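Take a look at the structures listed below.
In what follows, chain A forms one complex with chain B and a second complex with chain C.
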Partner chain A sequence: MSLSREIYNELAAIVGSAHISDKPHILAGNRAKTPDYPMEYKSAEAIVRPGSVEELQAIVKLCNKYGIIFAPMVSGVMPTAFASRPNTIIIQLSRMNRIVEINEEDRYVVIEPGVRHVQLYPELRKRGFSYTAASVGPGGSVLANFTSTSGDHHTQHGNSRANRYLLGVEMILPDGEIIRTGSLQTGSGWFCPDGPGPGLRGIVKGYNGNHAQFGIITRIAIAIDPCKGPAEPEMSGISPHHTVRMNTPCSKVIIYKFKDIDHLRDAMIKTGEAEIGSTVIKYFYLPATLMMTDSANDFWKMWTDEHKAELTMPLIVHLATRSEEEMKYEETILHDIAAELGGVRIKREYEEWWENHMDFFMIVSRLQSVLRLGGGWAPIKLASDSVAHICEVGKNINNFIHDFTDTGKIFDAPEDYQIIPMEYGHFAHIELLIMWDRTDPNVMKGVGEFRAASRQTDIDNHFHAEMPVFLSPGSMQIGPLYSNFHIWLKQLKEAFDPNNVANPMM
Partner chain B sequence: MADLKKFEYTMDSCNHCGQCKWILSPKMHGWDFSQICPIHVHFGFDAYSGQGLINIAKEVMNGTLQYGDGLEEMLYTCTACGACDVNCKNVRDMELLDTILELRAHCTEHGALPEAHRKTAENIETSHNIYGLSHENRFSWLPDSYKDDEDADTALFVGCSVYKHPEPALAAIKILRAGGVKFKLLHEDEWCCGSTLWRTGQNEMAAALVSRNREIFKKNCIKTVITACAECFGSFRAGYTRFGENEFEVLHITQVAADLLKTGRLTVTKSRESMRVTYHDPCMLARLSEPYIPWEGVIHPYGLHEPEKQWRRGEHGEYHAPREILNALPGIELAEMPRNREDAFCCGANAAGIDPEFSKQTAAERRREAASTGADAIVSCCPFCRDSLENGSEYPMRYLDLTELLAEML
Partner chain C sequence: MYYPKSKAELQEIIRAAREKGTPLVPVSSGTPHIHGISANEKAETLDMSKMNKIMKISRDNRYARVEVGVTFGELIPEMKKNGLRLNAPFLPRANKSVITSALEREAVLVPKYQYDYTDPLLTMEVVFGTGDDFRTGSASGPGPYEELKADMVSPWGPGTVDYQRFIMGAQGTMGIVTWGTLKAELMPTKSKLFFVEAEELSVLTKFTNELLRYRTLDDCIILNSVNLAKAFSDTAEEEQDILKRAAPWTFICRICGFDRYPEKRIEIYESYFADICQKHGIEFKSAPFGNLELAAKIDSMLWDCDRRETYWKVKKGDVREILFLTPPSKVPYLTETLKNAVSAHPAEDVGITLQPQVQGRAFRIECDLFCKSSADVEELAFNAETGLLKNGAYFDRPYSNICQEVYSIDPVGTESLRKIKNIFDPDGIFNPGKLCF
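Now for the complex of A and B:
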């Protein structure tokens, strides 16, 4: 089905003819299959680019009037931002890209959907602030970071997950009504996530984000933190061999390796108890290697048993302090913890790599190099719980992953999971990153089997380990582990979106 | 024959990460000037980007998308500046720009080449320059006093732009003379370098011209070609090597001058009023000038290239020499634009024949960026960037050619 000329013209009248297209080659730019997603996307009927909340609201109302499905998109990193069924238009939000307000006094910033990490982060850093950037790379939408992910991120040890930084929200509901949440609702400004009456953040945000199932979020406020370290890190070199350094004695990266997950867990808990470290991660050894190399061939040269042993159970700690004395203190404590738990410092050259790429700790830069092996990849698990629980989940991976790594169904990297504590060990997040040979036409069958095995393990062990995603069959299977969220979600969807036009996805 | 299949690995590898559109994080500086793809900035749709163009290439290859309805105009509105390619290759093993160039070759072979480029090719064929002007007048600007060093094995290649802008060529002559470099001009033997041809996918004609020019260099015993034009430099270094190995060395006048200054063979004797300038990296001197390295082989699972591929990631383009010269000029203060070196924003010149409004707006965007540095002038060393940057009513800014600037101060 294609849009009638009448509807197309009505949309064009809203946004202007330069900001809508249904030409086949324009649509082709938003329907290509990606190597990380098993399904073919549908072609949108048109792509519309509103420039304001008013235009967006008019589009949503029009969609309801004619029963047209809409899928909002900013960067297109997530598979949820594409047309999943016929009769869909893509609403490309990149023109709505203003930083509406930076309030240094009350420490928040108000943004529109099209603002990217690579834009907001330096603006805040110049003013002595930072925020919690998730792992989508420089071009990812900051708003989506806070509203359409679980909110976990790499530097949350010293702060918290992104969704706890979400303050006032403005959104257009599936039927076109505009609502505002938090203090914004009462006209008190953006500063507070909750206003009088029932909180709406749960609906707006859910566990794993909104993904426009309940409408389109048009502006959000996020809390910002004072940042430690220089306002302008030293950046030099030419890509891909550039460096970003914090040339200050108040910033250091120290990496210890531990003999097993139990010892690493204890080190993680103790660093939290001591309240040291800005970032603490048990990082994936596969992406770490990819980030350190220039090409897939380089990767294969580096991916030796010796190298893997060095990075299999690493605790990467970024110490960022406000004084040299504080640094000395944190360093001493860290070394003591490591000594007590048998931690061994890894090769200095590895630590130096991290110190030369501090942009990783700002906006998780270079992360896209995990795609260098062809782009077939998926994050599995992605949930959060106590550090001890999450480490049990990590330990358990070895009980089922070898059936898949040993048979080549997924890349042979059984220890490729990361654990990131947050709020000094209050919680922790796990992510198992798998890759597959996307050139193998049958590979997705094995990947599907792996996902099922992982999920079954969680169910069998009562693990809070897999992130429930929307109303997918898999998520519904683990719904009972998450307070039957899927039943709520389904009812909410039906109530808020009677015409089922707001990105129904699955 | 164009073979899009060669780039299927690239087409199938894209995860929409966005690095082809956004500045590299080590260069991030704020909200403004953070995009690197001119067509994406101007048109906004994802199709207008490296990601979009390889998606389109895949559909053209599969036969699910046909030329017409604006596709070819869009394909050639892309300036092929290579910013997407360099940014993508920072993190991926993909060949965005080569895929776009192959799609252009495919487009040409299918008779869909836009008229503007067809006309340029016709000009080159009949008049040996891109403008269709008389070949006899190619060196009409040369002073009567000029004499070649007859026994020199170095040629100064002035390029077609000399018809419009003879000053950089005259400045180059002055610099070479002052530095004691023996050289000669090719006079009536000098034809267009062919940049427009291979960059628009007219590869058959390009191959013939490359072959002809190589023969001319051989006939004139040329071992080193110094270009006064960034476009010619990039063409000889990165374009000709697509049609076999060069048997001559290629240098840009700024590289020669920087070396002469460094080794004391060239001395700046004059000063001028203090001036803050910013430098615009021409694509063909900078990120696009790395010699092409052919690769044929097998891509095994998980991206293992056999035999190992030598990647061109833009790292070894010429970024230093122009800056060394500027830093050596008394009274000149260099202020970098936010998007510089491998992340420099294209001036839009290459699309002038296809979409003049886009080209103008892109140049205006670059001037706006230049103005943001507080510079009094924008300095560069490409005649096409000059055409684009110095003639605009939006954010007008004085343009200075680096070669001329140096020559004036000798």
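Now for the complex of A and C:
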């Protein structure tokens, strides 16, 4: 089914003919880009590029009038930003890319959806501010990062995940009406996400974002904080052989390895109790090796000679302090904790690698630079609870992963999960990253089996190791295990999207 | 009056009330109920005080799970025994429900531990108006509560909706909470209290804003002389003495050290504190107006609740609170607006407390109009609230008459809240007449 010319012309009248297309080659270039996801790749009927909230609102109202499904997109990182069913248009928001306000006194910025990290981060850094950015790379939409992804990031030990920093939100509901959450609702500014009374913010984002199932977010305020380290990091070289350093004695990376997850867990907890460290992380050892090497040969050498055996339980700690005295204080405590728990300091050259790549701790472009190059990959689990529980979940991976790693269905890296504490160890986030050979036509079956085994093990053990996500057939299946959330979610969707046009997955 | 002792009893009461169309109003704390109990005369009271078990306190994972009837008076000593402290409001009454306080998003004393307005409440169990129970965040599953291995401390979800935010601030209109998990902090092994006195509030708010950017402080609060005197006096003479000698505004803060090298931590953080004070031309002291005895009393009371026979806010008989939030930049202007708006009330009965919240990104401003009966000052308070609202004050927890003004500003937002209410309480049995419902 394609859009009628009348509807196409109505859309064109809203955005201008330069900002709409239904040309086959344009639509073909805007299909889901991640072939690892088992979905049918559909073309949208058209792509429209609104330039303002008013244009966007008019598009949404038109979609309701004609029963057209819409999927908003900025950078297209997630498959949900593409058409997944017929009769869908993509609303590309990249023209709405203004940094609306930078408020240094009240510590927030207001941005539109099209603002990218590469645009916002330098603006803030030069003013001495920073914000929590997940591993999407510089081209990612900041707004989508805060509203649609899980919002976990590598530096959340000393602060928290993005949910905590999402303040006022302006959103076009599926029926075309505009709501403003928290203090915006009464015209009191952008600073507070909640209230008055109960918070509409609840429909904006839960553990994950709803990917426009409750409407399109047009502007958000996010909280900012003084950046740690100098406003301008020292950069040299040409990407990917570049370095980004913090040239200050108040920034240091220290890495200890522990004999097992129990000792690593205790080190995380004690570091949090002492309220030291900007970043504390048990990082994926497989992507870490990819990041550190330039060629397949280098990778295999480093992986087999050292990392696979030696870096299963690394605790990467970035200390960022306000004075050298405080640095000494934090270092002393960290060394004490490691000594108590049998931690062994790894080679200084590895620590230096991290110190030379501080972009990992900022925009995290490093991770994205390696993941999409070769094999298939997917993050699995993605949940949070206490450090202790999340480490128990990690420990349990060994009980089922070997059936898959030993048979070559997925890459043999059984400890390739990251655990990142947040709020000084009050909670932690887990993510198991699996990789596979996507040139092998038979492998997807094995990957699917692994995902199922992972989920079933957690259900059987009553581990909170995977948070259900959208309103989808999958959520309807597991909903009864999660307080019947699917029933309430469905009612909310029906109440706010009576025509089921806002990126429905059911 | 209903006194459920378990979730099952509560569900039975709710289902019966739904069948009969009987409105229910939940109450969990003891008296006085400063914001009133019900706006609906036909409502029956659901007294949750019998659900008062402390379910779990975890030192290692730093949380406490308690039923809704557990009070500050009961929980604080138990937390101390486990080496923990709550990030609690300023001197709450001992019979106040800890969970209700958190559900109401009451201001807390340590902004650096508060990452979100929902802190310190992490997860909860709630029974909706349909009689169905529901758990939020990592308490949601997989499986029944009794079998969950998680510590149930992750607040978000389940899934793509933050259900907790529908229930918090709802004043019992969305569902009845049975238990909640609260974030706890380690009890410091050493701490040091500091005082800054000022004639002008703007001096204090500016430097507080800078201090809190760097997480230097633990406790942090600003009191005018009236509230300093009311809160920390035991006799009328003592109150008058403090009132006479205290500066118009007193900033109280604390720097803490924990298990490892606590003295060193305090020394380093004190030097940061001193630097910022110097930058702002501010002198800090170890006691207000040189009164070491008062400083010691404040030191001991700040981490506790008010266990005195008469709660400090109702010494005069009653109190009418005016509560709002504002970002740091607007604090001086709105506080001045507030003072002007209530100037008809005797100055010695106008208490003002300012608490920086959420890492200092906002201030909770609370004005206490001390009086014999709140009805006597209702008109004055309402007019003040209306004026403040027009000037940009954010009434995130609207009570009484100001609700109508607050919810009339954005009809689409208000209608959206009603849609949500209609899902979780389809027959409107919970606290009808409150907020915009």
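Rule of thumb we're sticking to: the second predicted complex is superposed on the first by the 483 of 506 C-alpha atoms of A that agree within 3 Å, B and C clash if a C-alpha of one lies under 4 Å from a C-alpha of the other, contacts with A are read in each partner's own complex, and residues count from 1 in each chain.
Please note the rule applied: a contact is a pair of C-beta atoms (placed from the backbone, for glycine too) under 8 Å apart; a residue touches a chain by one contact, two chains touch by 3 or more.
Computed from a predicted model, the values in this text were never measured in an experiment.
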Let me test your reading of the model: by the given contact rule, A:I26 touches which partner, first (chain B), second (chain C), both or neither?
first
Could you say whether A:Y417 touches chain B, chain C, both of them, or neither, answering first, second, both or neither?
neither
Per the overlay, which chain contacts more chain A residues, chain B or chain C?
C
For A:Y131, select first, second, both or neither according to whether it touches chain B, chain C, the two together, or no partner.
neither
After lining up the shared chain so the two structures overlap, which partner does A:D194 touch, if you call chain B first and chain C second: first, second, both or neither?
second
Once chain A of both complexes is superposed, is A:W354 in touch with chain B (first), chain C (second), both, or neither?
neither
Both chain B and chain C touch chain A; at which residues?
none
Which stretch or stretches of chain A touch chain C in the complex?
103, 105-108, 159-160, 163-164, 167, 173, 177-183, 185-189, 191-211, 213, 223, 225-226, 269, 273-275, 322-323, 325-326, 329, 332-333, 336, 383-389, 392, 423, 425-427, 458-459, 461-464, 467-471, 475, 478, 481-485, 488-489, 491-492, 495-496
Per the touch rule, the chain C residues reaching chain A in their complex are 58, 60-63, 105, 115-118, 132-138, 140-143, 147-154, 156-171, 173-174, 183, 186, 209, 213-214, 258-261, 264-265, 268, 271-272, 325-330, 359, 361-362, 389, 392-398, 403, 406-407, 409-410, 412-413, 416-417, 419-424, 435-436
Touch list for chain B against partner chain A, complex:
11-19, 21-31, 34, 44-49, 51-52, 55-56, 58-59, 65-66, 69-71, 74, 86-87, 89-93, 299, 301-305, 308-309, 311, 313-315, 319, 341-343
Name, in rising order, each residue of chain A that touches chain B in their complex.
19, 21, 23-36, 47, 49, 75-77, 92, 94-95, 99, 115-116, 118-123, 126, 136-140, 235, 237-244, 294-297, 299-300, 359, 362-363, 365-369, 371-375, 411, 435, 437-440
